[in-house]
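Okay, so subunit A shows up in both of these, paired with subunit B first and subunit C after.
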Partner chain A sequence: MTHSNKDGGHVLHVGTLARVEGEGAMHIAYRDGQVSDVQLRIYEPPRFYEAFLRGRSYTEPPDITARICGICPVAYQTSSCWAIEDACGVTVTDEIRSLRRLLYCGEWIESHALHVYLLHAPDFLGYDGAVDMAADHPAVVERGLRLKKAGNRLMEVVGGRSVHPVNVRVGGFYRFPTAAELRGLRPDLERALDDAAETVRLVAGFEFPDFEQPYEYLALRAEAGYPIEAGSPVTTSGASFAVREFAARIEEVQVPHSHALHARLDGGERGPYAVGPLARYTLNADRLSPVARQAAREAGLGDTCRNPFRSIVVRAVELVEACREALRIVDAWTGDGPASVPVPPRAGEGYGASEAPRGVLFHRYVLDDTGIIRDAQIVPPTSQNQAGIEADLRSMVGAWSDLDEHALQHRCEHAIRNYDPCISCATHFLDLTVERS
Partner chain B sequence: MTAARPKLAVWKFASCDGCQLTLLNCEDELIPLAGEVEIAYFPEATRGVVDGPYDVSLVEGSITTPDDLERIQRVREVSRHLVTIGACATAGGIQALRNFADVDEFRSVVYAHPEYVATLDRSTPIAAHVPVDLELRGCPVDRHQLLEVLAAELQGRVPRVPTHSVCVECKRRGNVCVTVAHGTPCLGPVTQAGCGALCPTFSRGCYGCFGPQDTPNTASIATRLGALGMREGEVVRVFRTFNAASDAFLRESERHEEAGR
Partner chain C sequence: MSGPLVIGLGALDRGDDAVGAAVAAAVARRLSGVTVVVHEDPTGLLDVWAGRSPVVIVDAIRSGAAPGAVHRFEIGGGEPGAWARSAYGGTHAIGLAEVVDLARALGRLPGRLVVVGVEAERFDHGAPLSEAVAAAVPTAAARVCEELGHVPR
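So, the complex of A and B:
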């Protein structure tokens, strides 16, 4: 709980952060505008995925790692498939890549709509949650739920269900949807594209605090198109490297106050780095489709965005992109070709990466010659963003320490939600306390 | 009358959030539901907290930490009806794979400083610690079953949640049996219905994410898995996924672990 100390210091503490996925808390101690401690405490219980993946079969990570996160299971399924196919030296067909991208568009639509409307918009409009918000803004909440539903239905048609889809396997899918099944999604997706454009207009009108962050951004860059299901890492400092190099470039370090490991890029020499919508947009704005670029311009976004409070605008632009991309894939789909390619096991190491709604998700597996997993490493987006979130809180409390405690605490909670943190993911990975001392 | 609405609370323990997300995935029903019940505690959806006691508590996740051992007792005390949702809360979840291993070794695989991490050596279902009024299976739970449970709670009746096998759902959907027709290993005969036979509908075998049905002949299905070419180690793994700590699957996996030695 938030309180003032007799010596003039203050503590902002939020024991259970609301409207985030998973369990975390915030602890901030400050006095006379000087911040002495900022901790994003992640007490979500650890589940030890990387340990129990050892000894499992190379065919199992898509189903097992999906359970790391109910909101972005497709990210886990996709990154794990790429990594194991890499280890086994297998390349999938263009049709399989297209269907992975389509399923992933469904996850972006579902996850971004959930975050924009149910988790983040209440901060801007002054409500505890979307149900309260619905009493005053019924059309807004209805639109958000309709968008979310469109994403979920897309995932159900391609993947069987939206939470932990069943149709994904190493090498592709168990069954390809027919052209008629995908065309059936068209009316909902067209409506979703309109709703997404309306979402950009809504959130562009929110008030954003003046706040810019200097961090290095890291996102994937694909051969063509906006990065969703695949690509290679690039950063705003000009670095670019192959997915295979991630383990050498990104180091995970443990801090006592968190069950999530903090990630550092290149030894942390350039300070914290950030992944997610702002990074993706800043590094790939040129790759957006004309309709999404137009929406971004109308919302007042330049080619870079460094205000984390405006991440909601970028998410809305990405909703436009995901809906348009889904329509493009649906229209081109024939349903022809094998749903999967054979993946015979072999000894080796494989790497995979994809753009989860919250940012890049890396997987690495070591297999023996019978396909048994000997080592597994998973680097989720929220781990990579933790140091940046704490740095944001530190500068914000310094700049806004004249606000009353409740206003400041709310602002800090809002700042954490800018990142749409997924604590379930990051535990291997949040407690919000602010201390004025 | 707002004051007369029953109070709903949603609690989370060790889990992926997918089962509580299933409640938010009831897009058409969410706002009408919020008119029928007062969403009194649901941190994933709202900052607002209405004090207990609560008429219905939905509990997601398994017990894996010393703090959670105490927290579940407090949740039980403030809950008139406690409903567990999903494989973690009803069977320990995928994280119960630690029950078969040395947790200190697990901790040191993931964390460089294992001493910072407080965890129990076993992941256990909620019913192992407090009385539970109803268990809803699935990894994740099915949206329609979740709504049925909430509707039944509101109407003061017993929810209609079948305990028969996935096979019955395949027959209802008109699916061709993937094992008989294609020799695909399938846990459908020993797995509880509820998903609508999703996996066989997508041409794959059921992997048991709803846990054992009420009369599971796991020994028979294991024999069939062997006949389809699975080795003992693979049979162990098939029973050790999201409901690994449920009685029937646990016993069968142990039998094959012995046989594989």
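So, the complex of A and C:
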């Protein structure tokens, strides 16, 4: 990557500005016009963190794992809290659960707004990126930035700060926001709800290639409401299991071309599976609030959605849901009760799961009787989706093999962006290697 | 809010990516009356710098120079393409270069925007600043102070 700057007639070539810290590459091989190989090569920080967590205290995972991702720290914090509390046999109060959901709504709003407006919409509107799109559609981009800001603000008020919230601890929070603090968010959230509804109308008008995924979908199903901060896994094949079973049902396997592990459900006997907005929607459309369900209907979504290109519509509907949920929790919030429950350490194994913006994130920890972490396992959504992304590309690229390299790269990136993948946090670019033979 | 603003950009526990924050802290110790913030999310910059000028952003840079080398360049408001965008094809976060171009397209660039960069060596998870980059912090901080018209102490 190269940055250049003309300053006083000089050109300064600056290689890579920091915050570009991962690797993401795609390898596509053709033989006789047919795709012979598609490999997505990604670097995944959770692997490093699993090793880093061993030997640390059971109170540390919410802070440590939040650093894995600048876009979805709340997901890492929440799944780790559930898992540690499970290991210690502790249940948190309804107020703590509500606040976790509210904080998580902030992350969904922030992450989905970023993805929909700045990363994915340019693909549909024919722009190379958000900058070019902003020149022609400034009001659209400003709406996306406003939505993202509303999500960040919510995370600041509940979480202490927006990028890596510091108010989260095992057992709950360091302090509860007051009712007045949360009420102060209302004007921003009402505006965000309007902006989210407008987002659904915008993206519903995009053109979507015909493509239907045959894969099994896996999402959480909550006791009530749309799954955000908690729930138990269910799949479109009818399987359902407790979060505690995930390590037995989901197997991570090393593939030679990637630092990341590929995940297989039930030994891979039913082929690849996918997590994320399409899976959540397909398994939980009945749980959307009336306003989000209405928005989905107006956008032409049925009870299920299996076209990955339409994931942008589902994300927009989920923006409506997150804004609506945030308003509901803010309105009901009293700020009463203890901000955390005691979590005395004990030897054991604990499991946690939550719906990160890009799909289910599983955590598992093994503690000794003093609370030292003896083993840690993190199964992020992108590794679960990796086999599906490659299968999508394999199906699609065959039809696109006559495109020139630039157009092919753009199409492939669009197809990958359907998943909003977390290819190492803050990775900005993707290299394409095409072998034609 | 108006007046000068110094922004240290970068993640705190990714090796030399934390140099922006380290330089910002050093500037805050030297200067009073100048707002200094540390920020991790480049897309938030449009709001952070709203109404401010001059704005100095301190970030880690990789250009092939020796680790610890200090760069300085000014972002012009009226030169589209002056800073080649790098984030095309990005799948996730948006970098400083793209945010600057985005701000330009939306008419939200500060009146004067300067980047002071420190050549980075490594971005390993959990790593501290490399020796060369840590040694460059005082130089970079002095450069920021000069940008704001202050003689470094």
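Definition applied: the second predicted complex is superposed on the first by the 392 of 437 C-alpha atoms of A that agree within 3 Å, B and C clash if a C-alpha of one lies under 4 Å from a C-alpha of the other, contacts with A are read in each partner's own complex, and residues count from 1 in each chain.
As a convention for this text, a residue touches a chain if its C-beta (ideal position, glycine included) is under 8 Å from a C-beta of that chain, and two chains touch if they have at least 3 such contacts.
Just so you know, these numbers come straight off a predicted model, no measurement behind them.
When the two complexes are overlaid on their common chain A, residue A:I250 makes contact with neither subunit B nor subunit C. Contacts of A:L220 after superposition: neither subunit B nor subunit C is touched. In the superposition on chain A, contact is made by A:R175 with subunit B only, not with subunit C.
Once chain A of one complex is fitted onto chain A of the other, the partner contacts of A:E50 are limited to subunit B, with no touch recorded for subunit C. Look at A:P421: by the touch rule set out above, it reaches subunit C but stays clear of subunit B.
By the document's definition of touching, both partners, subunit B and subunit C, reach A:L114. By the touch criterion stated above, A:R67 is placed in contact with subunit B and with subunit C alike.
Of the two partner chains placed by superposition, A:V330 touches none, neither subunit B nor subunit C. Shared-chain residue A:N167: touches subunit B; no touch with subunit C. Note: residues 16-21, 45, 48-49, 52, 67, 70-71, 114, 118, 128-132, 134, 138, 141-142, 145, 148-149, 152, 162-164, 413, 428 of subunit A belong to the subunit B contact set and to the subunit C contact set alike, using the contact criterion stated above.
In the complex of the two chains, the subunit C residues touching subunit A come out as 9-11, 13-14, 16-17, 19-20, 40-44, 46-47, 59-64, 71, 73-76, 79, 82-98, 101-102, 105-107, 117, 120, 123, 125-126. By the touch criterion stated above, subunit A contacts subunit B in their complex at residues 16-23, 43-52, 54, 56-57, 60, 63-64, 67-71, 73, 114, 118, 122, 128-132, 134, 138, 141-142, 145-146, 148-149, 152, 160-164, 166-167, 169, 174-175, 253-256, 259, 261, 413, 424, 428. On the subunit B side of its complex with subunit A, the touching residues are 12-22, 24-25, 27-28, 30-31, 34, 39, 42-48, 64-65, 67-68, 93-95, 97-98, 101, 103, 105-107, 109-113, 116-117, 119, 123, 139-140, 195, 198-199, 201-204, 207, 209, 234, 237, 241-242.
Every residue of subunit A that touches subunit C in the complex is listed here, in rising order: 1-7, 12-21, 24, 45, 48-49, 52, 67, 70-71, 114, 118-119, 128-132, 134-135, 138, 141-142, 145, 148-149, 152, 162-164, 409, 413, 416-417, 420-423, 425-430.
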